[in-house]
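Below, each structure is written out as structure tokens.
Both complexes shown next keep chain A, but they swap its partner, so chain B is in the first and chain C is in the second.
Let's look at the complex of A and B:
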């Protein structure tokens, strides 16, 4: 029977000498290699599915490619074209308008809901409300959009039917360029509210009770307490939620694509829809890549700006 | 011995029938090879499983793998096929409606069939004798044939006969006019159980949108001309067919003419229907979306082909409450058309794919296709267009008569860049029918964008 020491050395025999030592350096090296091995699957995934496509998309932005013929290098032509292309400017403008409307509604409704549900934190109702508000997040964006586009139909939709019961005229939810962005934003808010709500519920649950109680004792109640105490304490969560929501909503696609296809005309066409149509309908993959590169840079800049501004209003305890 | 399940029984029967009946009728180009081949076929397995099972009996070394691609319209389906091509997972045998026929042919993806057809003309003589030359000409591109028509739909007019009766009217005759149509649209508005029906409804698309009004007004969205060539097919397969006379090697649409006077007039006509309350708001979607409302007596008339039969059956519409008629006369009664068929990818397993496509034209094979059982499209074979295929439709004969008795019926304008064209057409149509811009201004803007499109694709 082999001794433990023999077994130990036997186990290390296959290791290269620089890794096999029992010295502090050897153990450090072993840990480093182990760490790299654990990280490797994720790193490979990131390189293949995130970094790789980003690099290819950037490179493709300088090409002309329609799938059928080999890519052709066109330098900055695609970028020059997109800054003169009204439809691209219009789609970015729509994206910002709809993102602003949607994020505004999402944050306000989610904070209000989180504060309301938190009141029931110790009762079973909390489970009920958490589940009910989160359920739409689990639904497919496309099926929600299809259903809502039926509901928002001007003449046959259930929304206008009930407005009619209340004596309100039909609203052209999806066929008026004045209203359509609001309709799409409302649909997006309905589906995404649960996600933002859960983030805020976590933030509200972590608020320091002693500060809130002290504020109450000092006479801060209602809106005053909300504005001066609760929201500042919640500001790191607000920053996190808005950053996440802004990034997601600058990539608006499912709802407007299914509900309106960007219409009427181009009034609800978003930047990502523009990328999709340019690539797959017009077969201009290079041009589409250049639009997506610009969108990426805009998202990066907006996120950076949010963090820069956060120094003025986010309160870290 | 294990009992066969019903599914296994059907599969075995289909394979046996096919194995016994079919191999003698077609010569397979790839028959001598015993190499195992997999053909990726763009088809919904629910419609094609029986065909695929039967083909396993005909060509045991060929595995046909169905690839289901769905979309809101044919342009979107083509978009997804191109995406799969870009992703490196193309189909060997694709499906194209007219919207994409020239796209695949013009971009060098689809295989021309001329040489193979001329090599084995006897194999397809019976098929062509059963298919209108109007349909075949639509599948030409620059003198070569890229598809063998499987199904088609021309835009006819469906009428809710319950509402027609309620309005005290009769079904219109086949020579009815645009003015008659307007009278029907008015009369069929505000009826039904809740008094809220619309006389006419339509969807915004290249096929069946307001393009039929352009056609009957003697115009087209793009200028249209016949390409020379194609005699090789007409002389071989249609020598005795008077409807084949004067046909060529396909259609070409050399320039846009969106804002000509006839088109402006046609758009004004449909905009007026919405503005005056005879047509509902025109929103995205396809016929499935509105068949329920038609069945619920909320829509009096709707543009559709034979495909609408199945949709109305699925929507539970009672027999005797619907019927179809030709599109009304205006300056002409020229109908618009879309043809669906399989195409073969160049560079794939072309021989095996050709064998399948040729075999697939057999009437017994087409009878196995699911969407011909509950009619969700009109068969390209004349002999398959029977009263039984269109149950409860008194005027069922108009579907094939649209190409046989009205041979001026022509394809929707669908050049190589038809997907982008469709997007432009539908985008500007939305603006006009939402009453935000006059038809003239809308079509002027559409014309400018179409001119840009032509310039980019010159």
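Let's look at the complex of A and C:
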């Protein structure tokens, strides 16, 4: 069936005749075969490394399994245990507190930065600042945590030195269980601000100028214009960035683990740290899975709640 | 009078201004406030980075002195050399390179192929599969980690090898989605023209579409490089042998060895470990930043 009258490259001849591209059916078959072949690596990979594991994780949540003995079905015992386990409750509340502080600071600063730099849009200055603010995103959580834990050192740290110059007493950043969650959050904000900022910059550059100018002509100025015009126009981006940041930060691990190992006491222990310790220090794989499944459900619920709530405040043109 | 009005209401970049004010100059109080805020955040961003670099160049004995000196006076490179004595730095950087580059190449391959299928090829059930792929984006990584560890160690027997870090990272729902969007932006007319010339479907993919999604591939490459190079939790779980660690674990070890001793050695390691990411970023930043901005728009 392969015709000799090839117009383009002559390399078509190796195709079997039922795949020849000179009939509509042949082209359709080519696209089907290619589509299935192209999809296989991703599909097999996702089944093996994402979909399979999440199913297994849920199943393991109902089992007692400490590696040395075969898994044993215990129904809801793990879940009953974790709801009474103070350390688990404590790590979840720490996670929420740090997530809320971090996301709060991230969104406010990132929006302010995007709106500020937009005033100088297209200038070299805007380009320069954009590059500078993005630099910490390149660093690993470990590098940031190590560096900032030196800078947050109570007696020798740079931060306390400059606070001292301003007449403020030494803050026990990493050694007081009251302050440590703020310190870890600040470190996380420092590393992630550039990323969140870029997302907002995209939103701010796309704001409809006509509406903003019309509002100015109608007398909306300053904070009033910001609150009543600019932020509502920006609200789809705010939703997008907040959802992404909340999902990421409910799972955060690197910064608190390296800065404090969860201490002092358990005051900066996060949910993922709890999963990690339960599984790989205590070797209780089943129990650890049940904790990670609960965290997964919480993330789903929080995200769903954000979308539900967004109907009341997000404004789509 | 007209001139004054024009000056006060003109938008940046307008051509018909009377005198040229540089576009980076603040022109009113709000501009000045914005500028002050930008400079303040810029300082807070850059100061820890400068501190890391200058402290890494100071003798260990002086590394903790206050007031901090922002410019290194001694230019002492001994810390950099000492890193090589404390941890198997060359091996660990090599491991990071191998794992990261394999992951980048692998993700580019799987994501372009799958993204192309979802954008331009068709077979029954394709759209249902697309929703499955999108749904995996919502599964948090931490929830899959324990079974992943079991699969990698018990099923594949790959625990404590670099492959345990690479294989699970190859399929990427995010990258597939990203590249699908890029393929969709290309007008179908190109494809039709190529078909008129007798190209088969693979040639259309390889010669027509692939070159045109290079910017999307650049974004995926930079993000994958950055993410994999800086990955900490996965190797922390999967790896045991120090000489097989990626550099993130090496820095974690180094910090523990040096806890109260010389921090300048740790900072020297951080500087060296960050260089590759910075270089990749310099080459890819145009695509990356513009790509991420567009991502924000679509939210």
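Here, the second predicted complex is superposed on the first by the 279 of 317 C-alpha atoms of A that agree within 3 Å, B and C clash if a C-alpha of one lies under 4 Å from a C-alpha of the other, contacts with A are read in each partner's own complex, and residues count from 1 in each chain.
Operating definition for what follows: contacts are C-beta pairs under 8 Å (C-beta built on N, C-alpha and C of every residue); 3 or more make two chains touch, one makes a residue touch a chain.
This structure is a prediction, so every number in the text was calculated from the model and none was measured.
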{"item": "Touching partner for A:202 - first (chain B), second (chain C), both, neither", "value": "second"}
{"item": "Partner chain in contact with A:179 - chain B first, chain C second, else both or neither", "value": "neither"}
{"item": "Partner chain(s) touched by A:280 [first = chain B, second = chain C, both, neither]", "value": "both"}
{"item": "First, second, both or neither for A:120, with chain B first and chain C second", "value": "second"}
{"item": "Which superposed partner A:156 touches (first chain B, second chain C, both, neither)", "value": "both"}
{"item": "First, second, both or neither for A:111, with chain B first and chain C second", "value": "neither"}
{"item": "Superposition-derived comparison: chain B or chain C, residues of chain A touched", "value": "C"}
{"item": "Touched partner set for A:49, first chain B, second chain C, both or neither", "value": "second"}
{"item": "Chain B versus chain C as contact partner of A:246, first or second or both or neither", "value": "neither"}
{"item": "Residues on chain A lying within both footprints (that of chain B and that of chain C)", "value": "150, 153, 156, 280, 285"}
{"item": "Touching residues (chain side chain C, partner chain A) in the complex", "value": "11-13, 22-24, 30-31, 34-35, 37-38, 41-42, 44-46, 48-49, 51-52, 64, 66-68, 109-111, 113-114, 116-118, 121-123, 126, 129, 132-133, 136, 138-151, 167-168, 170-173, 176, 194-203, 205, 226, 229-233, 236-237, 248, 251-252, 255, 263, 266-267, 270, 273-274, 277-278, 281, 285, 289, 292-297, 299"}
{"item": "Interfacial residue positions of chain A with respect to chain C in the complex", "value": "6-9, 11-12, 15, 21, 27, 30-32, 34-39, 41-46, 48-54, 56-57, 60, 109, 112-113, 115-117, 119-126, 129-143, 146-148, 150-151, 153, 156, 158, 161, 190, 193-195, 198-203, 205-206, 209, 222, 236-237, 239-241, 247, 250-251, 253-254, 257-258, 272, 275-276, 279-280, 285, 288-289, 292-293, 295-296, 299-300, 303"}
{"item": "Chain A - residues contacting chain B, complex", "value": "67-68, 149-150, 153-156, 172, 174-177, 259-266, 277, 280-283, 285"}
{"item": "Touching residues (chain side chain B, partner chain A) in the complex", "value": "75, 79-80, 82-83, 85-86, 107-109, 198, 280-285, 289, 293, 298, 417, 419-420, 423, 426-428, 430-431, 433-434, 436"}
